[in-house]
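Once you scroll down, you'll see the structures, which are given as structure tokens.
Shared between the two complexes below is chain A, which has chain B as its partner in the first and chain C in the second.
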Partner chain A sequence: MSLKKGVPTADMGRDERHYSTELAVIGSGLAGFAASVFALSRGITCAQVGNTGAVAYTTGYFDLLGYCQDQWLDDPWRGLELLRESEPHHPLSRIDRKEIRAAFDQFTVALTEMGVGYTAPADRNHFALTPAGTVKPTLSVPETMLSGIEARKVNARTLVIDILGLQGFSAKEFVANMRSSWPQLSAAKLSFPDMESGGQVFPEVMARALEVSSNRERFAERIKAVLGDAQLVGMPAIMGVHHPDRVHAELQRLVGVPLFEIPTMPPAVPGIRLREMFEQAFPAKGLTLVPQQKVKRLELEAGRVMLYLRDSFGEMVIESKTAILATGRFLSGGLKAERVGVREALMGIPVIQPGSRADWYRQDYFDPLGHPVNRSGVEVDSRFRPLGPDGEPVSDRLFAAGILLAHQDWVRQRCGAGVAIASAYKAVEAAARLLQEQ
Partner chain B sequence: MERSLNPVKAGGIETFETEVLIIGGGVTGTGVMRDLALRGIHCLLIDRRDLNAGASGGNHGLLHSGGRYASSDSETAAECRQEGEILKRVAPDCIDDCGGLFVAVEGDDPGFAERFPGYCDAAGIDCESLSPAEAREREPVLSDKLFAAYSIPDATVDPFRITLENVNHAQQLTDSLFLPHTGVEGFEIEDGAITGVLCRNTKTGGMRRILARQVVNAAGAWAMDVARRAGCSDVRLLYSKGTLIISNTRVTDRVINRLRPPGDGDILVPGGTVSLLGTTSDNVDDLEDIRPTVAEVERVLVEGTAMMPCLETTRFIRAFSGVRPLLLAQNGADGRSASRGFTLFDHQDQGLENFATVTGGKLTTFRLMAEKTGDLVAGRLGNSQPCKTATEPLPSGNAVRWTEPGFAPRFWYRRNDPTDMILCECEMVPQSAVDSIIESAPGAEAEMSLQAIGVRSRVGKGSCQGAFCSIRVTSHLYDRGVYDSEQGLNSMRDFLSGRFKGVQPVLWGEQMPQIELSEALHCSLMGLDQLGGKADEPEKGGTDR
Partner chain C sequence: MRSVLANTGSIIDFKAKADELLPDGASYDSCLNCGLCSSGCPASGLEGMDPRRFIRMAMLGMNEELSSTPWVWTCTQCKRCMYICPMSIDVSLLVGLARGAWPEDKKPSGIVRSCQAQLLDSGTSAMGLRSEDFIEIIEETVDEVRQEDERFKDIQAPVDKQGAYFFVNQNSREPAAEPEEMAPLWKIFQYVGADWTYASTGWAAENFCMFTGDDAAWERMVRQRVDAVNDLGCKVWVNTECGHSFYTIWKGVERFGLEANFEMGSLVSYYAQWIREGKLPVNSDWNTQGLKFTLQDPCQLVRKSIGDPVADDLRFVARKLVGEENFIDMQPCRSANYCCGGGGGFLQAGMKEQRHAYGKRKFDQIMTTEAGYVLTPCHNCHSQIEDIGGHFGGDYHVVHYWTLICLSLGILGENERKYLGPDLAEVGL
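Here is the complex of A and B:
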């Protein structure tokens, strides 16, 4: 892949490649991508490195805040007020609501412009559909998923299809669990063109196949054959990896009724879409993207941050004026859990955490309070600079964003995208201020 | 004798009739069931939960050579040796005759190590002395601080497989029946005999009455409770909780025992593709909410690491606890020194002529326990058939092979059918395995849930501990029409809650990304933390493997 543009210095004679930039974003999850989007829009030169984090595991839904003080939130903005009362240290309690909204607006607009349409954040949460036939409160959803959410509200006559060989997605399951709130649902099973053997089929493969018009036509014929009097059709999220909105529109035209996607279990297409879109769009916007490589070492020097990493071409050094740590939690490797405690993986920044391993988890897996270890993370000041052992910022030029931040439980509170996008916005803002001051 | 497999339903109570009612679906109860069926007797086996829900599912699966007890209890040691030899003959499919080592490391008592061959000799156990170098050649992960080692004929047994095979064979022989989720509420007693047993279906709440000529209490740690319900005060048990941890891969070929008197963390037992490190021993007062703790895990790990330093960095995927029912001797003994022997109570002196309780004992001696019980019960029924379990091979049923680690992948590769999709990727359990369990595994007459499939297969037992396969199997069950309401999600929630009891104390290192992903899947994607539905009865009395 020749995605690395950047500004190589004169020192090209050696194997080591050297880039310099104003901002280095460490981490390729939602927070990292959001930080790059915000930095680019401010005209900051930017390099982004790191393994693709939990993006491949996303439903595609962008939650701001779905659960607070024992209740589902219809109004996440009101929820933020509740959160501020009960959890003043929560990252979202430390960011102004207007700024959160601006961040969501800017991010979803950017995604839509880059080719994956997202709904603009509104005053209320959507109650979005899950593959289990349950619903979850979320703020912004892919355009390909919207009509199903609307159809449930009005009990529209809807057919849900699943696909022969696709595991973990059963239309019957969806219908059985959704029936009480959406009686006019029915289920059907289809085979996907050229994948009729009964063996396992994969969402990503089908999504890429649906980018080809002849496959769309054949698949649409199969949907029409079982359509009956349904007003809408729901299906697993397979409507293309690139330009899903175009695939969606084309399929709808062929079938003749509105269609919508329902997320699937990972690795799922909505996350793959975002990753591939960023990987294509960012280099075109001048960003130096080093995907799938972990930073081995980070050194803070006077006036600059040095990142050392290596890929299959050899050593690489990124010299940056500022850096944002967006390395995620355990799944993405930002935090490491050892028998004696949790540590921050890259620099050993102090981690807020429960007193001992015996206190990490509650006894009940599904305890609505969530597990204490999941609120572990780094502490930041008002400029989103991580704090060192002395309670002072580790550096003026190092910032942190995303679920690496302490005092939040992104899974149980349904606030993962909210924390990622809003804290990335604040971290970039703080980095921009520092760059301006100099 | 007239008996009805199909219950008669009158006044809201289902009535079942059988010759012998057996209470407790562990290895002892199912052993009694098969023993009696081999004598031509019809049995009805009930369990408050499911097969192996107690100590039979919460042990390390060691088929004792007797070496562990040679120093303290020569009689039990000899019993273990004899029974081990019989089981290796009649049930080879359920056994891995892997052999075992006893090893002493720096700090252990050299005197004990020197006396060990003498103890074994007294119990008739083969014991070969090895040099430390020879021992480390056989098992390279052993500590270099080893100073004494002996080879003994330990083996391992799959406790799930043997239980399922027992039931399966009894069903074939006399149409005997297993009813899961059936708990004893009370006994109807007239003129010194039990005339009926009232039970509750713990899933539906419905009542069941069972009419039997003989009643056997094989309820393991719960045997004292059951006996008391029948008015018998002669069964006195000590509850000893033991905790073990399971590694992601098999650490040694052989069973590794610490060459010293029994203590925490003194044994590592292979179990197919994994290893089990144990065990603790702590007396507990009651059987509710038995779960492994972080402190217990640390204890076995610290001790185990002294024998095998590699355990320090081994990936563990699960812990579990079982409760040993130990028979209380007259002098108050503790869990380690109390007898591992078993007792058969005929309850004659308690004024009952058709009730028997068998408890105590060990996995290794279950067949002998069943034989003694079978002799008593058959005699009371006037049946003069001798016990056949010491010679009659245990047949292998098609629907009950799936508990063996490594069997499913072998089956799948051999079958080579691309449409037979893998539902559990860690353990490679294919759709056809789940289908055969639903159709014909013991207990299939009742509703087959994800939990029930978990007991009868390796589903949920690999490194992801059910994170993905719970979703895949549930979708498959909905597709097949096994579920048609919210109950499938409730069942998945209960299954995952049950798995978590064992996962929680070994969460560190590589298991942390796994559990974070699990929570994201089960809560954020599926919404299981916010289900409105009613949950099943919480798991009690131990966590299974």
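Here is the complex of A and C:
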């Protein structure tokens, strides 16, 4: 059975389904989603496959580069120059600054158009709030979080609230840790409407509840009751999943002062927002999205890439002219750490890694140099094609993007989104060139 | 919220069983304890339990507690936890196991009675409707339709028609409680010229035996129906708009290794096909008031069985029926949709307070859409969404697709409108 858009699906025999496309994106993390955004904007037909990955755990902040040569970076663009000097093999060192900026611009504009507002990347990093009451350098933030960052700069009189039963976010802790740089902070605890039992409450559940106007009104009343003379209110990220900017604006109107979100510990709303937004928006734009499944097998054939997978309905085959591998690292399953070494999970592409397992980690967990295993990944050429054992591209049609790439320690360098978005941009550009050449 | 239910039966080694039952590529050892499962589960917090806690307790060997927690009757086994888990861990498998280990007399009696009723008669009706009564009700209802509408003076509802293309399983609710609700589907079949039949055995579209955790009884139900379809030599088996009954056969045939000489289809996918082929020329011209509609994706049909292809069909048909601009999706939806809380036997389990608490999330989803109507191609969804609407004060109506299709075609009878609101009571009469 062939299952394509507009073709009847009533024949429920469990025949293999077959899709044809120009680009197959393997992975549904930030790099995979960014690749699909860039491909769609170029008019490339696209299919994307991948199950819940690390994107579900994001704060919502998009870091370009926050740390380099032992310093926190106020100017990530200057940081890229430092990086190029010290780490020429780093994926971000291999991409032109203008292209990185274009990629970030295009991606954040696309997200905003799809329904989750993001700030435009500027010349300087934001020092964004973390749930622990610290700050971190990042380039672009959800619109719902911006006013908190601004408020801290001017020491605005701000109330931070947490919610009865919510684990992993404490207003008191936030205030205690932040007070030295933000003296006019205070904390309060509220209960959420219809969730007053004291049992565990989840940000996702509250966020969905706040999409209902009557729940917003009741919650706003509770905020107003503890507002005092605060000029702003910060709260855990619970302002809706699907229309956060609308929920944000409506809550602000009801409370009467600016509100802002602070990311929470996983499972947190900002990642769920992104994931569900893509799942809604992409099929509407004509992309074939296979969510919650992993590609089981990939075969390179003459002139095409074949992807094999299976869902509860049965077998599925995606035939594509090109493919981008954006399968992430260990958490998402792109790399497997095994007794004898690190392996690329889908195709066994060679992985740049420490010489032996004994070299994976340094003695001190907090060693400022980081751990060598965290720079493992696949090597790519200038067209972002992964390299095989002979140092040549595995295929003209196969590209790689995201933190699967070697020579970067995205957690330590605060460059996860930067690597994901910029390398996806380059990989799609290279795939587009190949498609055009044919 | 605590139930009075308590298990005093056998104790399961959940960790050992979990390792046995794991699907390919899943690993309990890989559980990050991240809580996405619990965050996304409407049963979290009921009976002091949630999916993450259940898995952690299993890994810690807390078998006695897990074997006795009544939470397993509030989990609807909708598999949303597995769907969103980065490690594909399926809590519902363990829940099914736990349910099965409860002594029969301690299980929620409503579910057990429904299964027992199914085992009593070859018709397999959970409402205890015997086959001869089913056939008599059909005959009477057909007569009424013929008399009421000249256009359907020759309408047929065949039983045991050898070699018919479609074998139709009928949910017992209609023949037992509201037979006039069967007529819209018959009219649709006549309209498109479908070659179809009911059967005198294995005709019912429900399977509560799966929900009791009794695999042998589940298999018996599926086998009876598969035999009935094979015996009549039908090409395609469909249910009336239904969720769990579809899944029990869809999954059951594979799980119990049965030989099914037919295809399994979703009725809604056939609606979509007939619309595309021009056989069912529905449109939204009747919706002059711009009434807004949303849609419940039944977990059993979408997430657990066919997936997004049928979710696409549900939307295609809905948009044709109500108008593109009048259709509003719930969020999340499709395979990521929340269970309404009517599945898994929850409606029959007698745990009303818990079921309402579970349904609050669905209620909020519906309220967010501000739709006045909810389309539910599933009987349990239909009942639960009506019930939570009444409980939480929702001003919406809950309808089947067949009602709107006939409304759009101008063939919906006066007595086939019980689920429509006053705004549509007279439309197209």
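Just so it is clear, the second predicted complex is superposed on the first by the 424 of 438 C-alpha atoms of A that agree within 3 Å, B and C clash if a C-alpha of one lies under 4 Å from a C-alpha of the other, contacts with A are read in each partner's own complex, and residues count from 1 in each chain.
Here, a contact is a pair of C-beta atoms (placed from the backbone, for glycine too) under 8 Å apart; a residue touches a chain by one contact, two chains touch by 3 or more.
In this text, all values refer to a predicted model and were calculated from it rather than measured experimentally.
*Asks:* Please determine, from the superposition on chain A, whether chain B and chain C clash or fit.
*Replies:* In the superposition, chain B and chain C stay clear of each other.
*Asks:* For the superposed arrangement, I'd like the angle with vertex at the C-alpha centre of chain A and ends at chain B and chain C, nearest 10 degrees.
*Replies:* After fitting both complexes on chain A, the angle is 90 degrees.
*Asks:* If you stack the two complexes on chain A, which partner ends up touching A:Gly199: first (chain B), second (chain C), both, or neither?
*Replies:* both
*Asks:* Which partner does A:Tyr57 reach: the first (chain B), the second (chain C), both, or neither?
*Replies:* Touch status of A:Tyr57: both partners.
*Asks:* Have a look at where A:Pro266 lands relative to chain B and chain C in the superposition and call it first, second, both or neither.
*Replies:* Touch partners of A:Pro266: chain B and chain C.
*Asks:* Mind working out whether A:Ser86 is in touch with chain B, chain C, both or neither, as first, second, both or neither?
*Replies:* In the superposed model, A:Ser86 contacts neither chain B nor chain C.
*Asks:* Between chain B (first) and chain C (second), which does A:Thr134 come into contact with in this model arrangement: first, second, both, or neither?
*Replies:* Once the two structures are laid over each other on A, A:Thr134 reaches chain B alone.
*Asks:* State whether A:Phe366 touches chain B only (first), chain C only (second), both chains, or neither.
*Replies:* first
*Asks:* Please work out whether A:Gln438 is in contact with chain B alone, chain C alone, both, or neither, and reply first, second, both or neither.
*Replies:* A:Gln438: touches no partner chain.
*Asks:* For A:Asn155, select first, second, both or neither according to whether it touches chain B, chain C, the two together, or no partner.
*Replies:* neither
*Asks:* Check whether A:Ala176 is in contact with chain B, with chain C, with both or with neither, and answer first, second, both or neither.
*Replies:* Only chain B is touched by A:Ala176; chain C is not.
*Asks:* Between chain B and chain C, report the minimum C-alpha distance in the superposition, expressed in whole angstrom.
*Replies:* Least C-alpha distance: 5 Å.
*Asks:* Just to be sure I follow: which residues of chain A are touched by chain B in one complex and then by chain C in the other one?
*Replies:* 54, 57, 197, 199-200, 266, 331-332
*Asks:* Using the touch definition from the top, list the residues of chain C that touch chain A in their complex.
*Replies:* Contacts found on chain C: 25, 32, 34-36, 38-40, 44-45, 48, 50, 83-86, 88, 236, 263-266, 269-270, 272-273, 276-277, 303-310, 312-313, 329, 331-332, 334-336, 360-361, 364-365, 367-368.
*Asks:* Can you list the chain B residues touching chain A in their complex?
*Replies:* 291, 293-295, 298, 418-419, 421-423, 468, 471-472, 474-476, 478-479, 481, 483-486, 488-489, 493, 496-497, 499-501, 504, 507-509, 512-513, 515-517, 519-531
*Asks:* In their complex, what parts of chain A are in touch with chain C?
*Replies:* Where chain A meets chain C, its residues are 3, 6, 8-13, 17, 51-54, 56-57, 194, 197, 199-200, 202-205, 208-209, 211-212, 214-215, 241-242, 266-267, 272, 276, 279-280, 290-292, 294, 311-313, 331-332.
*Asks:* Would you pull the chain A residues touching chain B in the complex into a rising list?
*Replies:* Those residues of chain A that touch chain B are 54, 57, 59, 63, 67, 72, 130-136, 162, 165, 167-170, 172-173, 176-177, 189, 197-200, 263, 265-266, 329-333, 336-339, 356-358, 360-361, 363-366, 368, 371, 373-374, 411-412, 414, 416.
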